[in-house]
Each structure stands twice: as structure tokens, then as C-alpha cells.
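Step one of this worksheet: look at the structure below.
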Amino acid sequence: MSAALNGLTILAVCAGAFFFLAGTVGLLRFPDTLSRLHALTKADNLGLGLVVLGLLFQAEGLLAALKLISVWLLALLAGATVTQLIAHTARPSGPQA
Amino acid sequence: MLGSSLKHPAMADFLFAAAGLVLAMVAAGLARILWGPGDADRIMAAQLLGTGGIAALLLLGEATNVPAALDVALTLVLLAAFISVAFVKGATRSEADGA
Amino acid sequence: MAFDIGLALLVLGVGAWTVAARDTFAAVVGFVAYGLLLALVWVRLAAPDVALTEAALGSGLTGGLLVSASTRLRRAETRAVDERQPASLRLAAAVLCTLVSAGVAAIVLLLPEPAPTLAPQAMVNMAATGLGNPVTAVLMAYRAIDTLLETVVLLLALVGIWSLAPDRVWGGVPGPRHQAEPDGLLTFIAQLLVPVGILVGIHIFWVGSVAPGGEFQGATILAAMWILAMMAGLVDAPAVNRRWLRLMLVAGPAVFLTIGLTGFAVAGSFLAYPEPHAKLLILMIEIPVTLSIAATLALLVAGPPERAPGR
Amino acid sequence: MTEATLYGLCSAALVGVGLFGLIMHPQPLRKILAFNLIGGGVFLLFGAVARRGAAAGLGGDPVPQALVITGLVVAFAATALAVALLLRLFQETGRATLGSDG
């Protein structure tokens, strides 16, 4: 049972690390602000989400699990909303790249 | 949700390595702050560092058995949102100042 | 070890970038990243209490303050001509700074062995305070006078900021009035984040007696949430001449001082707690102190009054 | 080398880097940033000393750790005051630089 949970943790954390890689590549390679924004939100949400999922299999107790999920939800909410706000402030002057 | 008292030492090593890996990739993204060109890009790079840093922190906390790392992560995520809102508000205020 | 070397180099690189960046805003973003990385370093140095403070205050609240200041000063900064210092001065400064660094590095390498430590004394006496977190025990019991003075320092800084107000808005309301847009994104995020943040702030304050956390960390989060609510237009900043506000600001230090002085009568010296009641007394101090610190920190960020006080 | 020594050396370098910024930048906001950078370095030095003092089942000496928490709060108060002064200067004069002719 524990071995299965450990396996799930390894799988999810590895997938999460992959999405961080994708986000970094997107941030460095995409030509304009808005498409970089798009790449970044994907990486953010999925990368952190998968790491959190992986760690959930190791969590001790309900409070720790709840905190892990809250970290992800808050990052998701803040990230998405802030991305929108930034997109608004970036628009009037056009993509600056 | 099994206690980590059963945690395999190899698991701690793996999580530790994963923390390093995520941090290294995010550090590469930091080059965005160096290049700019716009404020929005810089905030985005900082946000990627924020999310990656939080992921690294969670992995590190689990690997080295520091449960308080969860509270640090919660604090970071709340304050990151606060900083981004301060940026948006400051930018609009700067326009108002100039008008 | 490889992880630590990488992290140390990353901290140094981001720190150097903060100094080297041509654009001030970029430097500020670098500083926020620097703070986040330092929080990771503090976890590595087995100091989760400091990691929390760094995340909340050193990086978070300071970062927000500097981000809004730098966006507001943008206009003035672009006008300021890029005055490069002469090469001779740069060289002299570089030599000086290298010497200072070398001096500090020498101190690090020559630290006495075995390292002196107060950890055993802190642990032995912790039982008497009824607390389970040695850092909180140091802040609230052994070095309580530092903590008391610190709350006073915060108030003095706030008095300094308020005294920068022009005459016509003396005692008025800090910052511009932010309009809430009922369907706005900012209103939405604030309505969701603020309650969660308040919960997290109280949690971190509350666990501080037994686990990493405490009044400064909790108060900082509460302060950030108050500012967030102000920026989203959910609440307006209070006029700084309001009596309830003044009371809230001094309540913490006042209770702290009163209990400290009572120490003379009941336990023989200033800030001594009679043993069976130590934990209760510390809690009685901590709750008003947390509220006072939260209000003070938020008003420090809000700045001097900019609008005349309403009635 | 232990991690305490490693981060101690890192703190030494940070103090130097921050000091350089404090001396060289003409803009006050950059000086405030550099001041905070130095602060981070000094606090890290305390952290290294605290880590070396690990004993009695604790990962570090709680006394320097508590001092760092106090220091962070005071550094914040000083930063807030400095920023308020700077913004006031900007409001009065429209400039955000020091010196006779900006």
C-alpha cells in the first residue's frame, strides 16, 4: 500500500516538474506578452497542482492535506486573476515585445 | 494519507532532488526579469518564480520533515497575490498622477 | 549540499541583479524574488519562524510597499538623467565593498569552535513559560523587553509618517479612495482572498505558542489583507485622527507595559511573569499586541494622510 | 564545509553587493533597496550563527533567530518611513532624486 502511494507521489511530482520545464521554455521562447501569459498560467496551474497532488499521498493528517490543497487553490485563484489584471494593463500599449 | 514515519529514505532523497530540479528550471525563467522588456513580463517571471519557489518549498518541507513549510507556502501565496494587486493599483495610480 | 550551493548562488545572483538592474522596477521585482529565495534558505537553516517572517514581512509587505512606490515614481525616474559615477569612484567603492565582504567572510570562518549556544538554556526554561515554541518563548519571555520596545519603534515610525502630511489634510485619510467595481476582477479576488487570509493569519498567530509562527507573522498577514481590502475598495482607510484607531494602535504596547509593570508587584521584576500564570499572561499580551501590530503595519504601508478627515 | 558556513559566506557576499549598491546608486529608492539587501545579508549571518548553535534537540539557537525576527520588523518600519519621505519629496518637487540639480 505504502509502495503504491510512493509510486503515485513519484509519478505526480515528475509530471509536475515537467510542466515547470514547459512553463520556463514558454516564458523564454514565445514571442509576445499575451502568449507568454498563456504558457505561464498553464505551467503554473498544472506544475504546482501535480506537485501538490504528489505530496497529498504523503500528507500526515487532515490539516496538512487541507493546507496543501489551499496553497494550490490560492495560487490558482491569485494566478488566474492577476494574469487577467496584467493582461488588462498590458493591452493599452499593446504587446510590448 | 499514511504517516511519514513510514517514509522510505529514498523517498526523501527523491523529493529533495525534485525540489532542486524545480528551482533550477525556475531560475532559468528568471532570465526573463533580466531581459524585460515590459513590466508585465517581469511580474510574470516573478510569478513563475513564486509558484516554482512554493513548489520547491513544499517538496523541501516534506523531504526534510519541516511541517511548518506548509504555513510558509500559504503565507507566500497570499503575499504574492497582495504584491501583484499592489502592482496593478500602482500602475493605474501612476497614470492618474500624470494626468 | 549541491542543493545548498545552488540556492546560495541563486540568492547571490538575484541580489547582484537587484543592484545591477538599470530599471528601478526590475530591481524591485528582483528584490521580491530575493526575499522568496531567502525564505527557502531559512527553512534550510532550520529556522521556520524566520522563514515565515521573511515570507510575510521581508519579502511580502516590503515588496508590496516598494512595488507601489516604484510604479508611482516611474515618471520621475525616467526624467532623471542616467548619471554614471566616474570609473575611479566605482573602483574605489568596489574595493571597499570587497574588503567589507572579506571581513565578514573571515568572521564566518573564524567563528569559535564549538559554537556557543543558548539553546539548552532556552529549552530548560521553556517549561516555565508554558510555551512549546522556543523562539516565541525568547520573544515573549526572556527578551520580552526587546519585543515591547519594538512595538514602540513601530508606533514611532508611524508617527513619523503621519507627520509628513500637509497641513490641509492633517489627521486625514491615507491614500486615494479606491472605487469598488461590483463585478470587477479585483473586487472578486479581494472578496475571496481576504477572508482566507484572515483565517491563515489567525492560524499562524495561534500556533505560534507551540509551533513556528507567532504574533509578528500573523499580524503581517492580517495587515496585508487589510491593505488588500483597501486597494480593492471594499473598505476605506480610516482617518488617522479617529479615536478608535488610536486606541487600537496603543492597546498592545499599553497592555504589554501594564503587565510588565505588574511584574514588579507579583513576581519581583519588570516583565517577570508569576510562574503558574505565565502562559495566560503571555496570551493576554499577545492578542492585543497582534492587533496593534497589524494595524500599525497596515498604516505604515498606507502612508501619510492625503485626504481631509471627514466628520 | 557545513551549510551554516556556506550560507555564512553567502551572507558576507550579500553585504558587499548591497553596500556597493548603497554607495553607487544616486536614486533614493535604489538606496532603500540596497539597504534591505544588506539587511538580508546581515540577518543571514545571524542565521548561520544560529544554525551552528544547534543543540538540545533544536535545529538552531532560538535566541539569534528571535533577534532576526525583531530585526526584520524594525527594518520594515525604517523602509516604510524612508519610502514615505521619498514620496513626499516627489509630491513637493516632482523629483525623486537627491542632490543640488537632480
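The chains carry the letters A, B, C and D, assigned in the order they are written, with residues numbered from 1 in each.
Operating definition for what follows: a residue touches a chain if its C-beta (ideal position, glycine included) is under 8 Å from a C-beta of that chain, and two chains touch if they have at least 3 such contacts.
The shown structure was predicted, so the numbers you read here are calculated from the model rather than taken from an experiment.
For subunit C, the chain with the farthest CA centroid is A.
Among the inter-chain contacts, the highest number of C-beta pairs connects C-D. Averaging C-alpha coordinates per chain places the centre of subunit A 10 Å away from that of subunit B.
Averaging Cα coordinates per chain places subunit A and subunit D 31 Å apart. Averaged Cα coordinates give subunit C a centre that lies 12 Å from the centre of subunit D. A straight line joining the Cα centres of subunit B and subunit D is 21 Å long. Residue numbers of subunit A whose C-beta contacts span two or more other chains: 70, 74, 77-78, 81-82, 85.
Residue positions of subunit B touching 2 or more other chains, listed in rising order: 43, 45, 67, 71, 74, 78, 80-81, 85, 87-88, 91. Touching two or more other chains at once are residues 44, 46, 49, 61, 65, 69-70, 72, 186, 189, 193, 196 of subunit C. By the document's touch criterion, interfaces exist between A-B, A-C, B-C, C-D. Against subunit B, the residues of subunit C that register as touching in their complex are 2-3, 6-7, 10, 13-14, 17, 23, 25-26, 29-30, 32-33, 36-37, 39-40, 43-44, 46, 48-49, 51-52, 55-56, 59-61, 63-65, 67-72, 74-75, 176, 178, 186, 189-190, 193, 196-197, 200, 203-204, 207, 211-213, 217, 221, 224-225, 227-228, 231-232.
Residue ranges of subunit B in contact with subunit A, taken from their complex: 1-4, 6-8, 11, 14-15, 18, 21-22, 25-26, 28-29, 31-32, 37-38, 40-41, 43-45, 47-48, 51-52, 54-55, 58-59, 62, 67, 70-71, 73-74, 77-78, 80-81, 84-85, 87-88, 91-92.
Listed in rising order, the residues of subunit C touching subunit A in the complex are 185-186, 188-189, 192-193, 196.
The touching residues of subunit B, counted against subunit C in their complex, run 16, 19-20, 23-24, 27, 30, 33-34, 36, 39, 42-43, 45-46, 49-50, 53, 56-57, 60-61, 64, 66-69, 71-72, 74-76, 78-83, 85-91, 93-94, 96-98. Within the complex formed with subunit B, the residues of subunit A that make contact are 1-2, 5-6, 9-10, 13-14, 16-17, 20-21, 23-24, 27-28, 33, 36-37, 40, 43-44, 47-48, 51-52, 55-62, 64-65, 67-68, 70-71, 74-75, 77-79, 81-83, 85-90, 96-97.
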